[in-house]
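Each of the next two complexes has subunit A plus one more chain, namely subunit B in the first and subunit C in the second.
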Partner chain A sequence: MHIPDGFLSPQTYLPAYALAAGGWAYAARELRRRVDETLLPRLAVLTALAFVLMAVMLPLPGGTSVHASGIGILAVVFGPWLTFAVVSLVLLLQALLLGAGGVTVLPVNALAMGLGGSVAACLGYRLLAPRWERAGLFAAGWLAAVVPAALIAVVLGLQPAIAHTIDGQPLFFPFGLAVTLPAVLVPHVVLGLGEGLLTVLVVSFLRRR
Partner chain B sequence: MIAATAIHDPWWLAAGLLVVAVLAGRQAPTIGWRALRAVLFFNLVISVGYAAGALFGQAVSLDYLILINIRVYLLTFLTFTLASRIDILRALRFSRNLTYLVTLVLSQIITFRRLFEDLRLAAESRRLRRLRLRERYLLSAATAVHLFDRAEHDAREIALAMRSRGFFQPDAVDDARGD
Partner chain C sequence: MRILLALPAALLAGTLHAHGLSHSAQPGSAVIVELRYADGSPFSYESAEVYRPAETVPFLVGRTDANGRLAFVPDRSGDWRVRAFSEDGHGGDFTVAAAPDGRASAPSAGLGTLGGLAVGLAVIFGIFGIWSVFVWRRS
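Up next, the complex of A and B:
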């Protein structure tokens, strides 16, 4: 669900950088506080898994892409702040190594996927897991796919209104909310089912070990 | 990069692309091709979607199509050029934790890719007919379990090596300058 470089106006990504910088500072403090010989290898394994899952992406007409992410897994296992840190890292590596996403759009992608997705996943999990553990895991995976997609669709859909010429010609992303919301959300509602299943399988597998 | 998103004249962006290509030096054709492959499919989807608006009577501008495509290509070209000149591990030396996390992640990505390819080739070489759907699911599940086991084992070994060098000591400071 990455937004590619060049489709977001500076009026959008510069404030997002300021917001994300605060989040990255807090996440770095969390990492320092919690890091030990158990957490670091497991974090690395699941981060690499997220990188591999996010590398297989298909572009959508709504201005983003559809792919699995592993964010639900990361959020349930590590919580939202470490997930935000490692998803940001994955997005940076993908921009530098694969040209996917990009450096200017990094904070928006990181806030939507790493923070929005993981907070929604944690809330869904905590709400359901005490009574229905597997349903909680499934909800975490589904929400981790759908919530970032909704956030990204809104940010993209606002671009024609935020940045345009005097005669109304868009300067960045051309489609409004009427196009981006259905085009981005519908595939992710379906993809979320797979993401939910993946979360149930992987977290159950990790707990057995 | 900010300039590339603040300028809306395709000629200036094209000039920027020329400057970046010169900066890339002998790597320019390689980086240019990589950047093209990275943006081509995506830009086609957006451009065709935008141009399709003309079929429904919407105002479609060729200038906009040129502007957005050249800007996206310039930004990706610039990113790859910078990436080819930056050592990411050295750039992250301000934080020990981050440096080791990135080292582990990169090693895991390489492990995942290599193991996946090895297992795929092993499965190819041992079959006489196309696998049924159920067999393919079982193979994928077995591959995933093996990948996890191997990756965790490798990561644990690296972590033990780091511990033996004093990385996880309680008084270890998150400051690479102390190394």
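Up next, the complex of A and C:
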């Protein structure tokens, strides 16, 4: 799901850096407010889980590959702002150590996955969990996979319109929305089923502890 | 009369010849770039572009082959830019140092997946571990 470096125009990632910087500042304040001896070990373990999950690529029929993220789990357990903070850390480590994603595109990936995914996951969970806890957890995981994919597909698909030569040749990612939306969304709708199941299993396990 | 007949025939022959396409198989050195997903599966049949050093017009536009490979024959030395895209947002944008004799060196592959995972986990637990010590002392 990570957008690699070189796919997005500066007109996209520079405003995204400004937006994400505000989000990181708010998330840091939220972290300082909530931090205690019990929060940090749990946050460390689930951040590590997200880092590993994002590094394990699962091949899908048709020649593409996807990965789980653990964002649904983080969002349900810690809320969207702490999730945004730790997912940003995970994405930075992935860019620097594994070559997945990139430094210029970091704010776009972080906003789409860490904030968009976790806000959607929290909303889905809060809507369904009061009546059926497991359905709420499943929805959180599914939305945490599908909503970031939709946001990333839109950002990628807008690149030919945002940055192109005088004769219309795209300077960065070359495919438009009609191509990116189905190509990115369909695999993640399927992946979301696994992410939803993983969220149910992990959060249920944590609550029994 | 013969000249009048020969002139259009010569012109026609020239025109027909212009539609021909000569081909030759040259032994030589190409740079082969292999693209793979993180799980090792080939980045097959995807769009790819190659740019000469410091140029913005593509030197080669095409697709990777079934094995995720792309070959080009550099005609000058320098950092050749390679871009590859799939419709679902996978791909890369990187440079390969290449020379006309086929010598090439890609940027270092770095730590590898397992090494990167180990270092990343160490950094995560290190950050939260040190932070926990500070929080524990403060409380």
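Throughout what follows, the second predicted complex is superposed on the first by the 201 of 209 C-alpha atoms of A that agree within 3 Å, B and C clash if a C-alpha of one lies under 4 Å from a C-alpha of the other, contacts with A are read in each partner's own complex, and residues count from 1 in each chain.
Methods note: contacts are C-beta pairs under 8 Å (C-beta built on N, C-alpha and C of every residue); 3 or more make two chains touch, one makes a residue touch a chain.
In this text the structure is predicted, and so the values were computed from the model without any measurement.
**Student:** Should the superposition on subunit A be reported as showing a clash between subunit B and subunit C, or a fit?
**Tutor:** clash
**Student:** Is A:Thr180 touching the first partner subunit B, the second partner subunit C, both, or neither of them?
**Tutor:** second
**Student:** Which partner does A:Ile152 reach: the first (subunit B), the second (subunit C), both, or neither?
**Tutor:** The answer is second: A:Ile152 touches subunit C but not subunit B.
**Student:** In the overlaid three-chain picture, which partner chain does A:Phe205 touch, first (subunit B) or second (subunit C), both, or neither?
**Tutor:** So A:Phe205 only meets subunit B here.
**Student:** Per the contact definition in the header, classify A:Pro41: touching subunit B only (first), subunit C only (second), both, or neither.
**Tutor:** A:Pro41: touches subunit B and subunit C.
**Student:** Applying the touch criterion given at the start, work out whether A:Ile3 contacts subunit B, subunit C, both or neither, answering first, second, both or neither.
**Tutor:** A:Ile3: touches subunit C, not subunit B.
**Student:** Touching A:Thr104 in the superposition: subunit B (first), subunit C (second), both, neither?
**Tutor:** first
**Student:** Quick check for you: in the superposed arrangement, does A:Ala140 touch first (subunit B), second (subunit C), both or neither?
**Tutor:** Neither partner.
**Student:** For A:Leu89, is the partner it touches subunit B (first), subunit C (second), both, or none of the two (neither)?
**Tutor:** both
**Student:** Between subunit B and subunit C, point out the one touching more subunit A residues.
**Tutor:** B
**Student:** First (subunit B), second (subunit C), both or neither: which does A:Ala16 touch?
**Tutor:** neither
**Student:** Need the overlap of the two footprints on subunit A, from subunit B and from subunit C, as residue ranges.
**Tutor:** Overlap of subunit B and subunit C footprints on subunit A: residues 4-7, 35-37, 40-41, 43-44, 47-48, 51-52, 59, 63, 65, 89-90, 93, 97-100, 174-175.
**Student:** So in the complex, which bits of subunit B are touching subunit A?
**Tutor:** So the residues of subunit B in touch with subunit A come to 1-2, 4-6, 8, 34-35, 38-39, 41-42, 45-46, 49-50, 61, 63-64, 67-68, 71-72, 74-76, 79-80, 82-83, 86, 88, 95, 97-98, 100-102, 104-109, 111-113, 145, 148, 151-152, 155-156, 158-160, 162-163, 168, 174.
**Student:** Residue numbers of subunit C touching subunit A in their complex, please.
**Tutor:** Listed in rising order, the residues are 37-39, 41, 44-45, 47, 83, 85-94, 110-111, 113, 116-117, 119-121, 123-125, 127-129, 131-132, 135-136, 139.
**Student:** Would you pull the subunit A residues touching subunit C in the complex into a rising list?
**Tutor:** Touch residues, subunit A against subunit C: 1, 3-7, 35-37, 40-41, 43-44, 47-48, 51-52, 55, 57-59, 63-65, 89-90, 93-94, 97-100, 152-153, 156, 173-175, 179-180, 183-184, 187.
**Student:** Which of the residues in subunit A come into contact with subunit B in the complex?
**Tutor:** Touching subunit B: residues 4-10, 13-14, 28, 31-32, 35-37, 40-45, 47-49, 51-52, 59-61, 63, 65, 86, 89-90, 93, 95-100, 102-104, 165, 169-172, 174-175, 205-206, 209 of subunit A.
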